[in-house]
Structures are given as C-alpha cells and as structure tokens.
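Each structure below appears as structure tokens.
In what follows, subunit A forms one complex with subunit B and a second complex with subunit C.
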Partner chain A sequence: MTEKRITIDPITRLEGHGKIEIFLDDKGDVERALLQVPELRGFEQFAVGRPVEEMPRITPRICGVCPTAHHFASTKAVDAVFNVQPTPTALKIRRLIYNAFMMEDHTLHFFFLGGPDFIVGPQAPAADRNILGVIGKVGLEIAGKVIKIRRECRDIINYLGGKVVHPVCGLPGGVSKGLDEEHRLEFLEVAKTSVDFAQFALKIFDDVVLQNKEYVDVVLSEPYKIVTNYMGLVDVNNRVDFYDGDVRYVDTNGKELGRFKHPDYLDHIAEHVEPWSYIKFPFLKKIGWKGFVDGEDTSIYRVAPLARLNTADGMATPQAQEHYEKMYETLGGSPVHNTLAFHWARLIEALQAAEAMVELLEDKSIVDPDIRNIPTETPNEGVGIIEAPRGVLIHHFKTDDRGIIEEANLIVATIHNSAAITMSIEKAAKAFIKGGKVSEGLLNMTEMAFRPYDPCHACGTHALPGDMPLIVNIYDHKGELTQQLRRG
Partner chain B sequence: MKTLVLGMGNDMFGDDGIGLHIVRQLRDNKGLQKSLSEKSEDVDFIECTLCGLALLDVIQGYDRLIMIDTINKEKPETGRIHVIEEFQIRHIPGPSPHYISVPQAMEIGRKIGLKMPTEIRIVAVESKNLYNLGEGLTAEMKKVIPEIVQKTTELIMQ
Partner chain C sequence: MNVQKPKVAFYWCASCGGCEEAVVDLAEDILKVVEAVDIVFWPVALDFKKKDVEAMEDSSIAVSFINGAVRLSEQREMVELLRKKSRLVFAFGACSHLGGIPGLANFWNKETIFNRAYHTTPSTDNPDGIVPQEEHTLDDGKILTLPKFFDTVYALDQVIDVDYYLPGCCPPKDLIVNAIMAILEGKLPPKGAVLSPNKSLCDDCKRNETKPEKLAITEVKRPWEVMLDPEKCFLAQGIICMGPATRTGCGERCIEANMPCRGCFGPTDQVYDQGAKFLSAFASILDTNSEKEIEKIVDTIIDPAGYFYRFSLPYSILRRRRMEAVK
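Let's look at the complex of A and B:
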C-alpha cells in the first residue's frame, strides 16, 4: 500500500513534540492520525532522593500555566504520606484558593481559547483566529474585564498562596497563612463580581454560539464527536468537586462503571504503550485495552470540563446547576460526546467555582486561626488527586521513614486525554481530507478538534520566542515534501 | 522611571534557568544595588517561571523592561548572547494561551489599556540544553555568566 504522510508540526522550542502525523492510504484518504505530545520524562528520577515535603514547591515548576493544580496535588499527596488531614479552616482556605484558580483559568481560556473558534468564528481568516482577533471582536471593554477579574482572582491566590509566581502555602496538615476579617470582606466582593462575570460569560456564549445555528451545527457535527467513557472527582452527593472526593467513572451511556479512593487508582487505570509514541495511553482496566476506538465497547475515557459534568449527577452550586440542566436539555441529555461542548462545560464550571468562593467567604469561620495540624506519624506513601482545569491530576509518592522520596508517579490531565485527543484529530482529519485533497481549513479544523482539551504541551521551558506556530507538511508516497501549509 | 529586570526560565531544565540565575546574582550584587540607590533608580528584580497571559501581571506598571531569557535557535551555540529589541522577536499568535510570548502579552496589555513598558531590551542566550530535566547550568553556560551579568548591568545603568 502506498502511504502518504502529512505532518502538522509545531516548530519552535517543542521540536519533536506535539507533532501530528496523518497517514493517507493509496486512495488519499486518512488511514490514521497520530499525535505525539511531550511527556515530562524523567521527573520521577528528578524527585527521587528529595524530601517529600519539598514537592508542593517543586512540582508547580513543571508547568508555567497551571502551577496551582500541581501545588495542591502534591500538597494532598504529602498530607497522605504523613497521614495527616488539614484542619477544617485550612481546608476552606485551600478550597478558596483552588476555586479562585479555576475561575480565572476557565474564564481566561473560554475567551482566549474557545474564542478564536466561536467568538471570531471557525471560518474567519487564520490571521484573525487568535487572542488579538478575539479582543477585536468582543471589544476592549470586555477584554479588559477578563483581564481584570483574572487579576483579582490571582490577587486572592497570591495573598494566601504566599508567593507571587507559584503558591507555596500548602503544608502537610494545613496551610502556612490564614485569612483575616478585612481580607475576607475584600475577597468576598471579588467572589461576588466573579459570579456576575461567569454569568456574563455564559450570556455571551448563549448570544454568540447558541443563537447561531451555524455554530450549533458545528458543535453537534460528526467530525467533532467521539463516544467515550468519562472520569472525574465527585463529592458525596456525586456532584462536581474540583478539590477532593471519590474518582468516579461512567460508561458511554452515563452509567457508573466504577469509583475509587485516591490510593487505589492503579487498580482502575492502566497504561497502554505504542511503539510510535513515548507517552502512555491510559485506559480503564476494568474493560481492558481495545485500541483507539470509540463507541460502546471502548476502554478510552476522557477527563476535563465536559468529562467532569458527564461523570457527575449535577453541579455543587445552584446557579451552575441551572446551566448544567440547560446544557443537557439543549444537547440531548448526559453524557454529551460532542467535544466542542467542553467550552460550554468550562463556563458552567467557572460559575460553580465563583459561587463556591462566595459560599466559603460568607462563612466567617474561614478566619479562624486554626490552620495547621502538625504531622506526628512516620511518612511512607501517599496519593493526591485533584481536578486540574484540564482534568484529573494524580501525584503519587513513596518515601522512606525519613520522608525521602524513593518512588514518584505523576499522571497529568493531558496524558489521560492522550488517546481521546488522537482519536479526535483523526476523526476531524478524516472529514477534511478526502482523496488526497486537503481542505483549505485543515489547520483550523484540526486545531478545533484538540483545542477543547486545552492540551498542555508547554510543560517545562520558556525559551524565546515562546509561541507555537503550526506547519502542515504534506509528503507524497516517496516521502517527498509536496505541499506546506504554514500558520503564523 | 520604573524598571523591571525580569529573568525568565525554568531551572528544572538545565540552562533554561539562566535568566533566573542572572536575576538572583544581580539582586544580590551589593555594588550594583548601591549604585542604583545612589542614582535613585527604581529597579525591581523578578524571577519568573510563568508563561501565557499571566505574564501581564508581572510586566504591567513598568516603564522599562530588561528581560533575560534563553532563545531557541536551529543550530544553537551554548552561551552565545544576543541583545535584542521587542520587534526582533518573532511574533506569531499561537493556537493556545499557553504559548503567549512576552511581546504578544505586551501587545495585548497595550491594546486593553494597561501600562506596558515602552523601552524594552532582551538579553537572549542560546543553549543546546533546554529540554533535559535536571538542575544546574552546563559548564559552557557557566563560563558566560560574567558576560551576561555585565551586559545586563550596562543595560540597567543606561
């Protein structure tokens, strides 16, 4: 069989990483699409030999985008290593910081990540489909509001987190800094503004996307749908919880397939290895590896906003619950398999985060001084699981009796979604490449397929120029470059 | 005039930590700090491991920005130093807010009316070792530290 290869390749600093390869069959149709995302190789070795209580300060440096998620995943793992629980006040403060983080991250990403696809529009010229294009479209006032609310939520994180760039407040059994009455009242105002802003963002989504048949058709279209299982954290009432709770997973029809406590994750998640990729592809152990296939028998699961909503029976706060119900009414009930609905779910979660901030700050006991339980037990092993904005994040450390790390394991959200991202890209590529003819908008269409997952390829370095153009190289069956599409 | 000396990078990735390293050295340099206070210069020294729009929080409010970072070149030579201006950085709107560069963050900041530095100099250092997990600078990079410090100091004192 003649094989043609198309490569969509981010060049710059992630050379060799985040590469999309599309293989065509002899008819010029897509046979397979492969995505290679960079995995943080070697971190396990990097961690070995270090005191485990340093991890909450080290792991945030893994990622320049979501350090807060890594900080708290490690903090929770360290609690477990020392077998100590945070005090009720410390737990409230951790939840407050975490909800502020979810609120700012989610709204930012809706406007600046989903924005190019929905606010600027899927058919807009490539040169406009970026953040500056979004600002041009929504106007400076709204763009300024996004930046302002983000800044105010960051101020809460910075005040309590204890360091401008990365939070360092999480200690085994609590936090390093409490809240006083003056700041409680100040932050409560920010929280209330955040609720209004999240509602405002949902209104924009309604006006721009839901009232526009063309966009709704794109959301519901076949190229952007894959049928998978879903996984996420839920509270005792099976409602969405970003910070803690059981890990629950549901099948393609939304029925609970299993749930587990954090230390048992390896009984439920296994990892498949492919020769073409050095990343592993997690799947549900209960079903067993079935390949990169969607549909009822699949063992692939997805994480991140839509997955969390599909996994839960509802939202934890009243206003978010109303929007949750509206989303499922509009899209035909849970679970929703349309990948572009991730953007809608992201906004509903932002609203829950904002409402949770209000609840936490209206509770005056959050200023209690009791913010730390001092660990007294010999350290050994602990797992911390949290919902990063991009999905389930697992940190697992084993130590000797002095708390020195002997083994470490991290599974980040993009890795959970790696098989699903590959499948989403393949499905979009199949729709937009026929008979060797590559649709004009292939880059846009392919980006739209993986953008909802917000895959984190940025782990690590920050070398200039710090941006990521895309290039599509099309090779003929002899491996010669016949066409190059460049974005940026 | 308010100046920000910004060291960008990640010291978990070998030479990528050079920006952070230089900023630490400059901040601890008593001679430099004394000259700055004699000249009544208002200079902040910040180490930054963030990327994306979060950069706006760090950069806004300054008149002048001097940034030290590593630069990716097709055929890098560890320790080769370039002093460049904002317009010389390739500026491509990326597919995700993860990939917002400093110049792009500044453009967004200006557009929405935040106070952004108007005078910008970037000390960009090439390295072959930006992607390997591990702390510490390579010997080649260590060798050019005095030169980077000197170049950055000259820019600060200009």
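Let's look at the complex of A and C:
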C-alpha cells in the first residue's frame, strides 16, 4: 500500500483550533478528507451552578471573534428564563449594537480574509494573496478606510457594551446603559458611512469578480458546490433578521421544510458525535443522520450568510434587497449551492446591517431612558437564538427557581457548518489533488472551499501577514515525510 | 530585513481569540508595531509551525506573548518549547495570567465535561455512546489523533516560568502599547511584574466617592433585581462588584457600561487569592460587627465561587475542586 496522508494543520481558530487530514489512495487521488477540531473547553458543564444572568458575561469567552453574538444569545436566553421582554428602547439598543457588530465583522472578512482570493486573484502568487496584495490592488487609502470603519463600528459596541471584547450590557428585560442624543448623532454619521462603505464593497465585488468571467466560472464550478439544506432566522415577512425571528429551514430545492419557535429547537436539530473530532455534527432530526453526504436526501444543513439568504424570501432593507435580487438573478435563483457565493451574500448582509443602523439611529426614541424591565416571574428555562455572523447560534439554560443554572446546552454557529465544511474540503480536494500531485496553487484552491464559511479561522488577526497559514506534509505509508509544501 | 528588530512570537492556548482581536484593535497603531518587531511565529497569521520553532536556537526569540489557559497536551508542549526558545515570556490576558473563564472548568474534570458534551446534552444524538478519542482508527485502518484533554486547567506560570503578565479579558489597548514600548525601549520593570498599576480598581473608579465607609445592606442583590444607578458605587447598591479585590488599569470599561466588575484583572501584588481578598474586604465594610449578621449577608451571595473566582480559579488557593468530590 502506498497510502499518503496530507495534514493541513494551520493550528488556527475553528471554535478553537482546526486541522485537516487528507488521505490519498494508491493512485495518489483523494480518498477521504476530514476536518478535525482538536479542542473543547466545556462551557456546557461549567455553566452549571452559575446565576443565569451572569451567562452573557461568561459565554462570550467561547469566541472572542464573535463575543457580541454569544453575549446576546445568552441575554435572549436569560430574557426567556425570566419570561421578560426588553423594553422597546432596549430592543433598539440591542439591535443597534448587533448590526454594528455584523457590519464590522462582515466587511473585515471580505477585505482581509476571503477577499484576497478574488481581489488579488485565486491564481496570484501566495506572496500577493493577502492584505498587502489587497492594498496594492485597491490602494492604501481604502485599506485605511477598512481599518477606520471597523474601529468606528467597534467603538459603538465599546460605548454601549463596555468592551467590544467582551460586551457586558445585556440584562434580562433590557440593557444596562442607554444612548444620549449626542452619541445618537455621532453614531448616525458612522452608520451612514457604513452604508456607503458596504455599497462600495459590493461595487468592488462587482468590478473584480462579476465583471470577470474567469472568476464567475470559478464561483459556479462543481468543486465549490455542495447541495444541502439551509437554515436561518426570518422575520414575520420571511426576510433576513440577524437578531430575532422564527428559525426556518429549507430543503435542497428551497422549499420550506420546517419552521420553529426558539424553545422547540430540540424537535428539529440533533448533533452527531464522531470519535475523531471534539466538534459535533448537527443534522436535521426530521431526516435523520445519513453521514457526510450531500444531495437531495441529505440531512446536512448549512448556516451563515448564503444560508440565511437561501432561507429567507428577501432582505429587510431596500438597498440590500436590490443586491439580493441581483445575486439570485445572476446565479440562477434560490437556493444557491455554490459555496463561494457566501462571500457575495456576506456583503449584502453587511449592507442590510448598515441600513438597519441608520434606521435605528434616525429614530429619536432610541434615546428614551426606559431601558429595563425588571423581571417579576420565577426563572425556569429559556432558549435564545440569534444569527452570529457565522450562522445560527443557540443558547439554552434550565435553572432552579433562584435562577441558578442546572443545565446548559449550546450549539455554536460554526458547529452547524462542521459537516458541510468537511464535505466542501473533501470535494475540492478530490477535484484538485490528482495523482499525488500537490502544489501551492492546488492547496489554495482547496483552502478556498472552507474560507467562505468564515469558520472562526477568520479571526481578524489573519489580517496582518494575510493569507491562511498552511503547511502540508505528505507522508508515505511508513510515515516518512516525502514532501513538504508551505505557504504564507 | 533589519536584523536589529527583536523577534516576537504569539501563541494561543485554551482561549477565545479575543486577545488576538485586542492586538488587531490596536487599529491604526498596529502597523507601527509590525514595523518595530520581527514576528517569527503567530499560528493564526503566519506560516510557521512547531518544528520551525524547534529549529530556532534557544533564547533566540526576544519575547513570546502567550494567551489562553493550558488545558490540552498540545498546548503544554508548545509553551514549553516557546519558553526554551524565548528570552522573555509574557502571559497575555486573563486566561494565561490566572486561568480565566475556561478555568471555571476546574469545578469539574474531563469525565464530567465529556459526559455533558457528548452524552447528556439534549441535542446530542449518540446512541452508540461515542466519545472522541486521542487516537482513533477508521474502518480502513487510517489513524486519526487528537490532543489529550487534561482534568485540570492551568494558568501559564503553573506550566512554565513567566516573566511578565498583561492582565485583562481582554487586555486594553493602552496597556498593550505600553508593554510593547517598554520592551522596545528596554524599560521593563523587575521580572514577575503585572503590567498594570498596583492598586485596586476602587482607587481609580469614578464611583469611589459614593462608596460609603460602611455598607448598610442586609442582603446582596443581583444586577437584574434592581434599577442600576449609573453613578453610585455598586457595593453601596448591594451589588457584588469585585473592585476592592481587583487590580486597576482596565479603564473601568464594565463600570462605564453600568455593570459591576467581575475581576478579570486579578488581584494586586499584595494578594494571592482574589476571592479570599474580596470576602475579607466585603466583610470589613459591612455595617455590623456581629459575625452571625455577616454570615447571614454573605449567605445571600448565591454563587460565591463563580463571582469571586470568575477569572482566577486555577490560580487560587483552591485551584480546583477535589477530584474525588467531582460527581
């Protein structure tokens, strides 16, 4: 046997770290590819015994890249535990923070992480395919703009949430701090700039990707396509909502397969365990676990930007809606199964987030002082679901009558995509790695299959030297290192 | 490349990535930092691997910034290696400084954590009782490995020698910049220093003037139970605030958002155990001398371990719950 193994071990974030193993058969073709997550921290266990209202200050440490998502998923779960609703003003403030977060997180990903593949080009030398290459292509001024808009959006979160890593303001029935008129006006300017900036990012996407047939062909190519179900939050009109709404899921043809209120998630989602990874693999309960397979009968679903757009009937804001229509017109209608379209969907969502910020801040009632409803009911059990930038995020707490946690269950955004990411990697690897030949370019092509999920690898820190760090070791069946490829 | 530039490494252990975000949040300043140093290892950002570090000469890295607690075999191996290769090691952030929030897992052990994650969580569908294995052989003989998961979470200096500590969850921008400047200018304080002023948060807190000499409270309130006064000392409102037992330097970020301190900066130099310090400080300001009364009030604190040791359990005198006591 001449089995070969390729290990892609970037030792980088995926709800912790991630590692890819690719096995080659005796012809040197890819037999199997697996994404392993070699980390677990045990939040579900050590939540036990904590006062439930402290969870919004504990769970953000699951992920410092999207702490705002964990903060508000927990805050909403705590609302539910106490059966209390936030005041209208508090709800507006929460939504403002949340949209600012969505905006900065999404645009950062486009320019610094996913974008280089397109802006600089998938075939460009690795040395250029990074933030410096992006700067070279779009100009230093724009790179400065990206840094500035990120900082300004994050300053909104800093002001209202205390710390952007990690916010502290969520309390059952409201928020701890309100907004004054001076800051409303200041943040409104940031919001307006954000709309312009999101439109500008979409323009770059249009110029660089859509006007380039070669790129469009890559987006639509078979190696970057897996056929799955999709899940996301929708508002009462079935439009994309990041903060709240029913959870809806659609099948591989875009037909509604289910829709549920937050407390009912256990009727719809289950998590499969494999002995080779610390991460679990969620699937649709209705269909049952069928393994890592795509196609019409699959029980695998995807979450995050493209999944949200595939799940919804449209966007919640007018400018984003225009781009939504254009995307489906270009890519042949919903659902779109082309994984690289996540990048496009992400920018459309950034625009919705920015428009929503403007809408919220133009409403003068956001400065009302009424920011808390004090809970009056006995705490019991609650589920909070929110759309993290990386997808559906579920926090579920059960407490005693003092509100001390007895049980916690957390299904984190990237976990929903864990099976799909593995499948996407395998498909791309099978297409690009043939006859044992592995080149730097082929590796990037493989890597491009998982970067669209922004699987928390997408820590802003990739920004600096740029590319996803990779090293590939190819071993023969005796475990001897025969070839090493490196890039960065 | 300028050979004079100090070589710097970054590594993360059991952490959330927030410390890495804190570095990126230097925003416009980050380019200056990058210019001044030569980053030789940063797994999240650079293509260097463990064996590249192994190949470096001992003590050839000027500074390693390590964030996250140590909870996996892989993390221990990596920090031991970095220690050998580095002249200075900085514990960056609350998790490496004190164990941090992942350290709350020391109330449990590997078995209870795995049991929850892979068996008893209500969404888990695991009829065959599968548990992730350190080594697993697939049907066709292929072997996959995972790092070992320890029963106990460790702060960094419980595993390797640490030279300096940057406190906070996450460390604030000004302290990071100050630390980097101190390194570049050779103005570091004596070894072992926590790089933030050595006084309590109350000393710097704007609300300090509303903090009474004696607290006339009869029970402790939880933040959701009352309308929080945005100007009054939290303790005076009957709300647990870790300020008296916590080092200052954070910029009172949580308090600015009208929420009490949870102690992420850890204690001052004079104190080893943050929880014990809080309890004694708290008891001393209660407006009663009756031990019984004090006990009664303290009993209204519903989760003392989770409040007082939120960020410092692995570092505390307790360190962890006795293994035999974990059910």
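Methods note: the second predicted complex is superposed on the first by the 456 of 488 C-alpha atoms of A that agree within 3 Å, B and C clash if a C-alpha of one lies under 4 Å from a C-alpha of the other, contacts with A are read in each partner's own complex, and residues count from 1 in each chain.
Just so it is clear, a contact is a pair of C-beta atoms (placed from the backbone, for glycine too) under 8 Å apart; a residue touches a chain by one contact, two chains touch by 3 or more.
Because the structure is predicted, anything quoted here is derived from the model rather than measured.
Participant: With both complexes overlaid on chain A, does A:R151 touch subunit B (first), subunit C (second), both or neither?
Facilitator: In the superposed model, A:R151 contacts both subunit B and subunit C.
Participant: According to the stated criteria, A:F82 is in contact with first (subunit B), second (subunit C), both, or neither; which is it?
Facilitator: So A:F82 only meets subunit C here.
Participant: Determine, under the contact definition given at the top, whether A:E271 touches first (subunit B), second (subunit C), both, or neither.
Facilitator: A:E271 contacts subunit C only, not subunit B.
Participant: Where does A:C169 make contact in the superposed view: on subunit B (first), on subunit C (second), on both, or on neither?
Facilitator: second
Participant: Applying the document's definition of touch, where does A:E54 land relative to subunit B and subunit C: first, second, both, or neither?
Facilitator: Only subunit C; A:E54 stays clear of subunit B.
Participant: Which partner, once the models are overlaid, touches more of subunit A's residues, subunit C or subunit B?
Facilitator: In the superposed model, C touches more residues of subunit A.
Participant: Looking at A:F46, would you say it contacts subunit B, subunit C, both, or neither? Reply first, second, both or neither.
Facilitator: both
Participant: May I ask you to decide whether A:P305 touches subunit B, subunit C, both, or neither, giving the answer as first, second, both or neither?
Facilitator: neither
Participant: Applying the document's definition of touch, where does A:L34 land relative to subunit B and subunit C: first, second, both, or neither?
Facilitator: A:L34 contacts subunit C only, not subunit B.
Participant: Considering only touches as defined above, state whether A:P375 meets subunit B (first), subunit C (second), both or neither.
Facilitator: second
Participant: I'd like to check the shared interface: which positions of subunit A are touched by both subunit B and subunit C across the two complexes?
Facilitator: 12-13, 40-42, 45-46, 58, 61-62, 64-65, 67, 144, 147, 150-151, 154, 164-166, 456, 460-467, 469-470, 487-488
Participant: Mind listing the subunit B positions that touch subunit A in their complex?
Facilitator: That would be residues 8-13, 16, 46-54, 56-58, 69-72, 89-104, 107-108, 111-114, 122, 124, 127, 130-134 of subunit B.
Participant: Going by the contact rule at the top, pick out the subunit A residues touching subunit C in the complex.
Facilitator: Touching subunit C: residues 3, 5, 9-13, 16, 21, 23, 32, 34, 36, 38-42, 44-46, 49-51, 53-54, 57-58, 60-65, 67, 78, 82, 144, 147-148, 150-151, 154, 158, 160-169, 171-173, 176-177, 265-266, 269-278, 280, 282-283, 285, 289, 372, 374-375, 396, 402-404, 407, 409, 411, 456, 459-467, 469-471, 486-488 of subunit A.
Participant: So in the complex, which bits of subunit A are touching subunit B?
Facilitator: It comes out as residues 12-13, 15, 40-43, 45-46, 58, 61-62, 64-65, 67, 108-109, 112-113, 116, 127, 129-133, 135, 140, 143-144, 147, 150-151, 154, 164-166, 447, 451, 454, 456-458, 460-470, 487-488.
Participant: Where on subunit C is subunit A touching in the complex?
Facilitator: For this pair, the touching residues of subunit C are 14-25, 27-28, 30, 34, 39, 42-49, 71-72, 74, 100-102, 104-105, 107-108, 112-114, 116-118, 121-126, 130-133, 136, 138, 142, 144, 146-147, 149, 169-170, 222-228, 230, 253-254, 256-259, 262, 302-303, 305-306, 310.
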